[in-house]
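Take a look at these structures.
Heads up, the next two complexes both have subunit A, just with different partners, subunit B and then subunit C.
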Partner chain A sequence: MNLAITLSMIAIYVAGLIYLVYRNPLPKQDFEEFAVGGRSFGWAFITMTIIGTWYAGSMYVGWAQMGVEQGIVVTYVMFYTLGGLYVLYVIAGPLWKLGKKYGIKTMGHYFELRYKSRSLRTFTGFVSLLIEFPWVVTELLAAGYAMQAISYGKIPFNLGMTIIAVIFIAYIVFAGMRAVIIADFYQGWMYIIGGVAMFLAAGYAIFGGYRGMFMEVRNLNAEFLTVPGPSAGWGGDVPGALFWPSLILMGAIGAYMWPSLIARIFAASSTKELKASSRFTPLVAVAFTLVITFFFVGTAARPEFKGEDSAYAVVNLLSTLGPVAVAVICILILNGSLSMMDSMVSTWSIVFVNDCVAPYSKVTSKGLTNISRISALVIGFGGLIISMQELPTIIQLVIRMYQGIVQFFPAVILGIFWKRGNKWSAWSATLVGLIITGIFSFTQPDFVPALHGMQGGLVALAANFLVYVVVALVTKPVPGVEQLFVDAKTADSDLGQELIR
Partner chain B sequence: MSDKVVKKKGKAVYWVIGVLVAIAYLFVLVPPLFSLVNRVEPFVLGFPFSAFMIFALGLFIAVMLVLLYGIQNRRGEL
Partner chain C sequence: MEGNIGVQIILLCAYAISIILAITFGSRILRKAKEEIDKSSE
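What follows is the complex of A and B.
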């Protein structure tokens, strides 16, 4: 009976997703439609695609583990989410306007326009893909776990991952970014309604409310309710005072440097529609993030649910509420995994074609679209195959380069707001940032004890900024840069076409 | 393109919002200031003090962004 309930619920969820996606085919088979949805999406879609892409399925496992083991420090997620939204608000206007005028679809593409360096475009595309790739492995593992849990073990782990991979790869091939954003719209609502309702209800059912939950945590160990949390949660090696601010700063600055997130800017129909998402996303970020992360902290009060791996403590605890709760939490995990993986794989296929193929060939728009589809198949199923193996060393190494994505920030932000920057400053600064990040990543834990817990990526970022400014000042500006700055302010802020609301 | 005429208006309100958000983030990011917030007692509205302040600071920062959008939208500056 329990299995029938959970499988019925997942079937309804998947049917709704498939119906919405497949009733919206590409209006024409060209790369502009496939890569940025014809730049036609209104604020409601942009809002939901930001939410859907941001909140990953693995958060119910990874962040849950952080809450259970280290307590309230996990709420750093909210502050960096909000910081990222401010970054988006600042860069959105100029990037969208340049994107519209010059057909930009990726960050690397913007770099070629701004710095007149095709090699920087290709380098950026390739490196950003490499840094982001491990996420799809993480999300597939979360999806496999959710499929196993929702079927009470009847669907084997690898089969579960394969089913989910086939679903999202199929709709990426079908309609590219258009399909992804429409799927995100569905998934974003699932998050807001399902997620908030589920955790509030669970808080009352299990603890008699969030107040009772916090009381239980305090009575167990009050250190869970302060940053950085109990020393046991860190294996005894508690990070210093700069760990918490460093986590937030790195997250906020790096948020919209991820290829899959910066791509959202170019899918909007106007700067007005793009920025209109700011009416809701900040408030959702606070409400949604805190409702669930507080619950993660509360789960620490029930150590008996940690089992062998505390990452599954929250799911184990929620499972005591019956099959409907099992289905909802597993659907939320799948929802998050799908929304993140579809965004990443579609964006990577587009970045690969746009930044690594298109600049060096004369393929037609339809040809680029088809190469993107093939790339999505290769990347998606490649990720699936890797996920089924013991995590290879190369992936473990790449995971450690997570902080590398932030190193593109100076070239983006100074490129937008400072005319002096040129390809020498962008190249040298980015390389210095990546190299320093690499050194810290492979020689230190997630934080640098000698720097009071600061993350190495933040030190690299400071050096990155410094190098950019110094090199820009001692070399000549890019010819014609003045016009770009005019265009970034004055280009039409509206496409004047019918938009998808 | 919209045929609205974008009028030059005072930027002071943006500075005010910027400074207020910066102050809120200082309380989050600067360890001596954060230590004022980073304690369990007293419980406020059922939340430990740290959780309540995290909520309050987050809500304030979020509302400021909504306000920033609202002002720019009303002025036709988007």
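What follows is the complex of A and C.
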């Protein structure tokens, strides 16, 4: 009976997704349509696709584990989500306008336009893909776990991952970014209604409300309700006073440097729609993040659900509510995994073709679309095969290189707002930032104990900014850069088709 | 059905509403978009 309930619910969820995506085929078969959905999406779709891409399936496992083990520290997610949305608000307008006028589809593409360096475009595309790739492995693992849990162990882990991979790769190949954004729209609703209902209802049913939940946590260990600071206790495991704020700063700055997220800017139909989305997205994001992260902290009060691995404590606790709860939490995990993986794999295929193939060959628009489709197949199934292996240490090390993505921030933000920057400043600053990050990543734990727990990536970022400014001041600006700054301010913000609101 | 019946009814409703709203709004918006595209290509 329980199995019938959970499998019926997942089947209906997948059927709804397939129905919405496949009844809306591509209006035309060109690369502009495949890569940025024809720059035609309004605020409702942009909001949902940002939310869908942002909340990963692995958060119900990884962030849940952080809440259970470290308490309120996990709420850094809410602060950096808001910080990231502010960064999006700042960069979205100029980038969209330049994107519309010059056909930009990726961050690397913008770099070529701004810094007149094709090699920087290719380097940015390649390195950003390399840094983001491990995410797809973590998401596939979360999806495999969810499929196993929703079927009460009847669907083996690897088969579960394969089913999910086939679903999202199929709709990427079908309609590229348009299919991904439509799927994200569908998945966003499940977060907003299904997710909030799940955690609020569970909070009341299990703990008698969030107040009771926090009382239980306080009674168990009051330090779970503090963040590490100079005098915050935390026994002998205090990473340092700068650990928590640097997590937030790193997250906020790096949030919209990920290829899969910055691509959302170029899919909007106008800057008006982007602004409308930025008014609504923070409200939804804060409400959802608070409800779930508080519940993760509350789970710390029930140590008996930690089992062998505390990463599964939240799912174990929610499963006590019955089969419908099992189905909803597993669907939320799959929802997160699907929306993140489809965004990443589709964006990577587009970045690869746009930044690594197109600049060096004369392939037609249709040809680029087909190469993107093949790339999506290779990257998606490549990730699946890697996920099925005993993960080597290198993958765990590469995962820590997420701090590397932040190192593209100075070249983006200073490129938008400071005319002096040129290819020498962008190249040297980004390389210095990546090298210092690499050194910290391979020689230190997730933070630098000697720097009171600060993330090594932030030190690298400071050096990155400094090098950019110094090199820009001692070398000549890019010829013709003034026109780009005029275009970034004055290009008609409502040039977009404004077709899909 | 095992577990907490009240919570499960709430969750079932939330799950169903999520899917219905996503399909209803999504289809409506995308249908209008298709009409606009067809109109502009005529």
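Miscellaneous remarks
Keep this in mind: the second predicted complex is superposed on the first by the 489 of 501 C-alpha atoms of A that agree within 3 Å, B and C clash if a C-alpha of one lies under 4 Å from a C-alpha of the other, contacts with A are read in each partner's own complex, and residues count from 1 in each chain.
Everything that follows uses one rule, which is that contacts are C-beta pairs under 8 Å (C-beta built on N, C-alpha and C of every residue); 3 or more make two chains touch, one makes a residue touch a chain.
Since this is a predicted model, take the numbers as computed values, not measurements.
By the document's definition of touching, of the two partners only subunit B reaches A:Thr226; subunit C does not. Contact with subunit B, but none with subunit C, is seen for A:Lys275 once the two complexes are overlaid on the shared chain. Once chain A of one complex is fitted onto chain A of the other, the partner contacts of A:Leu242 are limited to subunit B, with no touch recorded for subunit C. Legend: residue contacts after superposition of the two complexes on their common chain; A:Val324 is shown touching subunit C, with no touch to subunit B. By the touch criterion stated above, A:Ala202 is placed in contact with subunit C alone, subunit B being left untouched.
In the superposed model, A:Leu283 makes contact with subunit B only, not with subunit C.
By the document's definition of touching, of the two partners only subunit C reaches A:Ile182; subunit B does not.
By the touch criterion defined above, A:Ile5 lies against subunit C but remains apart from subunit B after alignment on the C-alpha atoms of chain A.
Across the complex, subunit A meets subunit B through its residues 72, 75, 78-79, 82-83, 85-86, 89, 93, 209-211, 214, 218, 222, 225-227, 241-242, 244-245, 248-249, 271-272, 275-276, 278-279, 282-283, 285-286, 289-290, 294, 492-494, 496.
Residue ranges on subunit C touching subunit A, taken from their complex, read 1-8, 10-15, 17-19, 21-23, 25-27, 29-30, 32-34, 36-37, 40. Of all residues in subunit B, those touching subunit A in their complex are 1-2, 21, 25, 28-31, 34, 38-40, 43, 46-48, 50-51, 54-55, 57-59, 61-63, 65-66, 68-70, 72-73, 78. Residue ranges of subunit A in contact with subunit C, taken from their complex: 1-2, 5, 9, 12-13, 16, 19-20, 23-24, 27, 40, 42, 44-45, 182, 185-186, 188-190, 192-194, 196-198, 201-202, 205, 320-325, 327-328, 331, 497, 499-501.
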